[in-house]
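Paired with subunit B in one complex and with subunit C in the other, subunit A is shared by the two complexes that follow.
Up next is the complex of A and B:
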C-alpha cells in the first residue's frame, strides 16, 4: 500500500523551479533512500511530504490526506533535519519529555541509552552541542519516536564516520523490530545502500529512477577497452558515461542489458567488464552532461 | 563483515552464496531451519527485503523449502543441488576466464593442462 502519493507536484520559489511534475508512490514499511545532487529538490520534496510546504501545483497525499495543515498527518510523522529548533534553556532530557507528549510510540529509555552511548549528557542544553552532536541528538529523536512515517533529511551532516555507521546500524536494528516507513536523504549512497529497500533518484526536480536497490546494482555495466572495438558493441545500448582515459582507450558505462552470449563476445574482444558502484550509477544518471569534470578543462 | 561491497555480485547473491557455503560445509544440515530474513538482516546489516531476496534465490533452486508459518528449511537434496550448481556456473565461468587469459598469452592447451596438473599436485602436497 502506498502511504505517500505524489502526483505531478511542482514547487516554485520566486524564480526557481525546485520541483517539476514530480510523481512517486512510496509504500508502507519500506526504507526508501532519496538521492540527488545538490539542489535537485530533495529537501523541498521531503518538506512537502511532511506538510511544511505547500506545493505550487499537483497533489500530494500522506496516509490518504493532504499533509499541509493536517493534524492527523503530522501526528503520524516526524521530520528530522539539522535545523530543528528547541527552547534554548531546556536540557536534552526535558526536550525528550516534551517529544513524548506528541509521539505515542516514543521510547524515552531507548533515547537515553543512545544518548549515553554517544557520550552526550542529558543535562546539556541543545545550544551547547557541537554540530555533529546536534545531528546525533536529532537522529536519536527520529529513532526513538518510532513514528509510522519517519523522515530524515541528511541526518548525518557533521557526524564523524564512526557515529554515522552506528546510527545506520541502530536505524536498521530498530526498523527490523519495529517496521515503519522511513524516508532518508543523503549524499553518501554507499553508506546507506545496504540498509535501503528502494531508491528514489531525483534530478532537476523530477523523478529520475525509483526501484529496489538490488536492481540498481545491476542497472549499469562498465566496459573498458579499445575505443573502436568497444563501439561495435554499443549499438542500441543506452550510454550513461564515457571517458577516454588513454589514447584509443575508452571507459563506457551503459545500461546493463547484455545477454550471456554478448558478454562472452565482449570478453573475446578483450574488453573488460566491471560492475559500476551504485553511487557512481547515480552520479552518471544525474549528471548534466555525458562528460565529466575533465571536459571543463578540455578547450578543443 | 563477510560481504564485499566492491564485488560485482549483488549483496543478495552474496548472502545466498554464503548460505550455500554453510550448507555445503555442513554447518546447516538438511531439514534444519535456515536463518530468517530478519536474522540475516541483523547479521549482515542489510535491509530485510534484500536478505529475503537471497533466501528466495535458494528457494527458486529448491535448496530450501518453505513450511507455512514456520520459515524456511534446508531441503534433503540441498548439498547435491549446490554442488551441481557451482560446477555448472561458477566453475564453468572460471574455466572460460582461464582459457581466455591463456589465449591472450599464447599458452597452448597442453601447457595449460600441465599447469592445472601442477596446481593439483601442489594442493595434494599441502594437504
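Up next is the complex of A and C:
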C-alpha cells in the first residue's frame, strides 16, 4: 500500500523550478533513500510531503490525504533536519518531555540511553550543542519518536564517521523492532545503501529512478576496451558515461541488459566487463554531461 | 488510514503548555521593577507657593507601568508571528490553526498576568512610599485596599492589553506577507492621527469612552476576534519552514 503518492507535482520558487512533473509512490514500512545532487529538489520534495510547502501543480497524498496544513498527517510524521527549533533556554531533557506530549510512541528511555551513548549531557541546552552534536540530537529524536512516517533530511550533516555509522546501525535496529515508513535523503549513498530497501533517485526536480537497491546493484555494466570494438556493441544501448582515458581506450557505462550470448561476444572481442558500484551509477545517472568533470578540462 | 488520531483541541492545549513554559516572564517583571524604581518621583508635579505656604502636588499612578506592559505585550505578539517562533510549532505536531489558537491562548494569558502585575504595581508604589516618606498619611490605620475597584481595573487593563496584542499579532502576520507593511501600517496610523479628519480619535473613543464594562469587553473581544480570524486566514495559506 502506498503511503505517499505524488502525481506530477511541480514547485516553482520565484523563478527557480525546484520540482518538475515529479511522480512517485512510496510504500508502507519501507526504508527509502532519496538520492540526488545538490539542488536536485530533495528538501523541497520532503517539505511538500511533510505539508510545509504547497506544490505549485500536481497532487500529493500522504496517508491518503493532502498533507498541506493537515493536522492528522502532521501527527503521524516527524521531520528531522538541522533546522529543528526548540526554546533556547531549555535543557535537552525538557525538549524530550515536550516531544513526548505530541508523539504517543515516544520512547524517552531510549532517547536518554542514546544521548548517554553519544556522550551528550541531558542538562545541556539546545543552543550550546556543536553542529555535529545537534545533528545527533535531532537524529535521536527521529529514532525515539517512532512516528509512523519518519523523514530524515540529510540527518548526518556535521556528524563524524563513527557517529554516522552508529546512527545508521541504530536506525536499522529500531526499524526492525518497530517497522515504520522511513524516508532518508542523502548524497552519500555508499554509507546508506546497506540499510535501504528502495532508492529514489531525483535529478533536476524529476524522478530519475525508483528501484529496490538489489536491482540497482545490477543496473549498469562497465565496459573497458578499444573504442572501435566497443562501439560495435553499443548500438541501441543506453549509455550513461564514457571516458577516453588512453588513445583508443575507452571506459563506457551502459544499462545492463546484455544477454549471456552478448557477454560471451564481448569477452571474445577483448572487452573487460565490471560491475559498477551503486554510488557511481547514481553519479553517472544524475550527471549533467556524459564526460564528467574531465570534459571541463578537455578543450580540444 | 491514520495510525495516530488527534484533534485540534488536544494539540492546541499541548502547544499552549509548551509555549507557556517557553515565554519569559522575567522580562516583564524586570521592566516593571525598573519603571517603579525610576518613576517613584511621580508622573506629574505642580506647585504653588507664597510667603507663608508652599504647596506641591505630585501625581502617582501606575499608568506608566501599564503603558510599558502594553508595549511589551505588543512586541511579544509580533514576535509570536516570526519565523523562529512558528518553526518551533512546526518542528513537532501542528497545523496553522492550532499554532494560531495556542498563540491566542498565550496572548490572553500574558494580558491577564500583565494587567494583574501592572495594576498591583500601583499598590506596591504606595507601599514603597509609605516606607520612603516620613509622613505616613498614605496608608493610615483605616486604609483598606479597594479590592473591587482593583479587580475592575485588572479586567479593563487586561482587555486593553489583549486588544493591543491582537492588533500586534495581525500586524506581525501582515509583515510575514510583505515587509512593506512595516512602513505602510505606521504611516497609515500616523496619517490618520495627524490628518484633518477625526477618524483616529473617533476610533480610540469607540473604546475609551465606553462606560459599561460589559459593552467595553464586548467591543474589545469582537475586535480582537476579528484580528485573530484575519491572521488565521492569512496564515492558513502560508508555507512554513521555508
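The rule we apply is simple: the second predicted complex is superposed on the first by the 300 of 300 C-alpha atoms of A that agree within 3 Å, B and C clash if a C-alpha of one lies under 4 Å from a C-alpha of the other, contacts with A are read in each partner's own complex, and residues count from 1 in each chain.
Note that a contact is a pair of C-beta atoms (placed from the backbone, for glycine too) under 8 Å apart; a residue touches a chain by one contact, two chains touch by 3 or more.
Given the structure is predicted, the values throughout are model-derived calculations rather than measurements.
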{"item": "Room on subunit A for both subunit B and subunit C (clash or fit)", "value": "fit"}
{"item": "Touched partner set for A:101, first subunit B, second subunit C, both or neither", "value": "second"}
{"item": "More subunit A residues in contact - subunit B or subunit C", "value": "C"}
{"item": "Subunit B versus subunit C as contact partner of A:86, first or second or both or neither", "value": "second"}
{"item": "Which of subunit B and subunit C A:148 touches, first, second, both or neither", "value": "second"}
{"item": "C-alpha centroid angle, subunit C to subunit B via subunit A, nearest 10°", "value": "150"}
{"item": "Touched partner set for A:76, first subunit B, second subunit C, both or neither", "value": "second"}
{"item": "Contacts of A:274 with subunit B and subunit C, given as first, second, both or neither", "value": "first"}
{"item": "Touched partner set for A:214, first subunit B, second subunit C, both or neither", "value": "first"}
{"item": "First (subunit B), second (subunit C), both or neither touched by A:57", "value": "neither"}
{"item": "Touching partner for A:249 - first (subunit B), second (subunit C), both, neither", "value": "neither"}
{"item": "Shortest CA-CA distance in Å separating subunit B from subunit C in the superposed model", "value": "22"}
{"item": "Of all residues in subunit A, those that touch subunit C in their complex", "value": "1, 47, 51-54, 63-64, 69-76, 78-79, 83-87, 89-90, 94, 98-99, 101-105, 147-148"}
{"item": "Of all residues in subunit B, those that touch subunit A in their complex", "value": "3, 5-12, 38, 41-42, 44-50, 53, 96-97, 100, 104"}
{"item": "Contact footprint of subunit A on subunit C as seen in their complex", "value": "1-8, 11, 14, 17-18, 21-22, 24, 84, 87-88, 90-98, 236, 239-242"}
{"item": "Interfacial residue positions of subunit A with respect to subunit B in the complex", "value": "30-31, 168-169, 172-173, 176, 190, 194-197, 212-214, 217-218, 264, 267-268, 270, 274-275, 277"}
